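Below: one structure in structure tokens.
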Amino acid sequence: MTLKTIKMLATVVVASTIGLASASADVLDTIKERGKLIVGVKADYKPYGFLDTSGAVIGIEPDLASDVAAKLGVEVEFVPVVSSNRMQFLEQGKIDLMIATMTDKPDRRDVVLIPDPNYYSSGTNILSLKSLGLKEWEDLRGKPVCGIQGAFYNKATSQNYGAEIVAFKGTAEAYSALKAGNCAAFVYDDSAIVAKTNDPEWADYEMPLPTIDDAPWGLAVQLGEGNFAALMSEMIVDWHKSGRILELETKWGVANTPFAKAMNEKYK
Amino acid sequence: MEFFFDWFRVLNQETGVNLPFLYDSYDRNRIFNGFLTTIWLSLVCLFFSVIIGVIGAWLQASSFKITRRIVNGYIQLFRNTPPLVQLYFFYFAIGTMLPRVENDWGGQSPLLGSFAWAAISLSFFAGAFNVEIFRSGIEAVPKSTVEAAEALGFSKLQIYKDITLPLAFRVVLPALNNNLVNLVKTTTLAYAIAVPELLYEANQIWSDNVNVTEMMIFLLLAYFVLVGVLVGGMNRWERSMKIPGYG
Amino acid sequence: MTFKTDLPVMMPVKPHEPEPFLRLKLWHVVPIALLCIVGTTLAFAADGDAKQSPLAVLMNWAPLLLRGFIFNLVISVSAMALGTAVGALLGLGQISPNRIMSGGSWFVTQFFRNAPWLVLLFFAMFLLPFELSILGLKIPFPDWFKAILGLSLPVMANVSEIVRGAVKSLPSGQWEAAESLAYTRRQTLWLIILPQCVKRMLPPWMNLYSILTMATVLASIVGVSEVMTLTGRALSAEGGRPELLAPFYGFVLLLFFVYCYPIARYTVRLEKKFAVIN
């Protein structure tokens, strides 16, 4: 075997190792190479993620995603997701990052990587007419209550408090049905309801019950993307420290939530 | 009976084939009520769509141009737009414009609930097809028959009711049955406005139990049987109503 | 052969003569437009604040909704193509002399014809995987592709019935004549039977396409970004104002009407043109 062949072989081996290395490189490199960060966000969850008239997704979570893209120095692209497909999209690699109003639960941590700390929090509450004077969850017994198909609190509301759940596929239908009087209340995330009660359109409505099932929200990256997760942890701390979350809440017309205030205090 | 139901609970524990609507009494009730709602909604729509068809076909033969135009407009409008959007339009748009009534929990609720709107919307949808079906049947009745009835002193309404319609009805039965079978399948759309019919209840169960596969197969079989029984019954009816020597 | 009957002989059943297209066209748009306008004015009277009028809001969203509608059309054309290809094979299977073949095709046809479209769509959405691995090659199954597959199932069954019906409707003399001319079965089918069937199949096939187009909105229930989904998102972005519902849903009705009505008219014309004169 001549020296030449050995040299050539060595080059091939080295080149292929480099090639392999770049193939198994973490998602951060892929993003930078691509020049674009692809983020899964909600598109029917005002004000956290909703459409403007041109079809672009806007809201609190898209703004947070843009911050991440700016930090990485790349463009951002949004993919609308719904609760039933968001984790699959992430697993599949269709999206790099998911910021989609997802409640942080242990079983979800088995499937996706949720960096700490949590960026937001919400619980379950209802939106109902002030004139109905509802005070406790028990007051819902026997009344029709609008809900969203597939939400985990539907069954709890109907089994624990005896409400008759009338489940629609989207928020637009549920809000319309509530306003039309087809339901006595609409059971949903309290963060979205708070935003709704500030809307002059919904001035006659209130969020009368104590919030239950308060749970933090987690953004998520693919399992095994430790570097990206570490970067996101840093970003979340930064958001809390700088009051970015509070600022965005104000920008999109939500009253500052206790969770966001507490986190701001904690990291300041 | 309890033993039979419990067997399915064991089946779930042993094999993971989860059929909660058999062993869980809460889910069993839901599916059973869903089934009844589907059948009841189908019957109501069948009845009203046939009524709409008969009246529409009669109006279409009217000597007033404007009446004919209105019936034609109705037919084209309902035949050429998606029934799901019609349902949404009726339930959300027209439903909110109607006056409200006091309900038993102290609020104001619309005059008509989701079941009523589903029945109205689907009846109008199927009715649009029925009008044309009946009309083709009426045209198949020879003029001489009508003239003979006139000569016997029948009034216009009597001729339509006692002579034209019974004859036309037998002729159009195959087409009518086909449309009615379609109507039963279309009742699944009521799911979108939360009418608790079979599909809706099945959806509730699979979101609670995460057993989409089992529920999906059950649904397909349930509708296959439901529609199969209907088709069988209709065919028998068709044979017994057949005009001797025709067709 | 004589029939003993106490009923008079009936006229043959035929599809009725439709009213001319041009005279009716304008009139049909009137009720929808009227509903939109009535809805908007009613709401406008209710609260005349500085808010945009419902019609202006609708105009803002119209381009997006139109794009969604085009997606509906793409889904309908693809599902039709797929369903027709598979359905034609299934239909030929139904008239096969092989018992097992014809029985199997008959069963598949009946099964998918009797199942509601929405249930089939759910079936495709939830039971198909997100992606398929063939020989290590990963083929992703996006939602819209699953919707096409789900909608093509009932199309397939209906096309199969159309093919079978058309072949059966030809007089048996055609088969016998071909046989006496020493055509093989395949030759008879391809050279004699099917060419005659095309004309008979075209009107019901177009009817089916129209029905399919209207069924594409069902994809909204399973979350595909088509016109109804976008309408829902637009309405929730506008904060669930009830007075917007009538104009928005009315607009979607109008879109479909404008597309499907001409197809329906053309189908009727073809039906008349191809009508077999006895």
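As written, the chains take the letters A, B and C, and residue 1 is the first residue of each chain.
In this text, contacts are C-beta pairs under 8 Å (C-beta built on N, C-alpha and C of every residue); 3 or more make two chains touch, one makes a residue touch a chain.
Given the structure is predicted, the values throughout are model-derived calculations rather than measurements.
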item	value
Chain-level touch network, classified as line, ring, star, complete or other	complete
Most central chain, judged by mean C-alpha position against the global CA mean	C
Cα-centroid distance, subunit A relative to subunit C, in whole angstrom	37
Distance from subunit C to subunit B - Cα centre to Cα centre, in angstrom	19
Chain centre separation in whole Å, for subunit B relative to subunit A (CA means)	41
Numbers and ranges of subunit C residues touching at least 2 other chains	220-221, 242, 245
Contacts with two or more other chains, residues of subunit B listed in rising order	92, 96, 192
Touching two or more other chains - residues of subunit A	169, 173, 176, 179-180
Contact set on subunit B toward subunit C in their complex	68-69, 72-73, 76-77, 79-86, 88-89, 92-94, 96-97, 132, 135-137, 139-142, 144-145, 167, 171-172, 181, 185-189, 191-192, 199, 212-213, 216, 219-220, 223-224, 227-228, 231, 243-246
Touching residues on subunit C, where the partner in the complex is subunit A	60-61, 63-64, 67, 130-131, 140, 143, 220-221, 223, 225, 230-237, 239-242, 245
Of all residues in subunit B, those that touch subunit A in their complex	92, 95-96, 100, 103, 105-110, 113-114, 192-194, 200, 203-204, 207-208
Residue numbers on subunit A that touch subunit B, as the complex places them	129, 131-132, 142-143, 149-150, 154-155, 165-169, 173, 176-177, 179-182, 184
Interface residues, subunit C side, partner subunit B - complex	3-5, 7-16, 19, 24, 27-28, 30-32, 35, 39, 42, 111, 114-120, 122-123, 126-127, 210, 214-218, 220-221, 228, 242, 245-246, 249-250, 252-253, 256-257, 260-261, 264
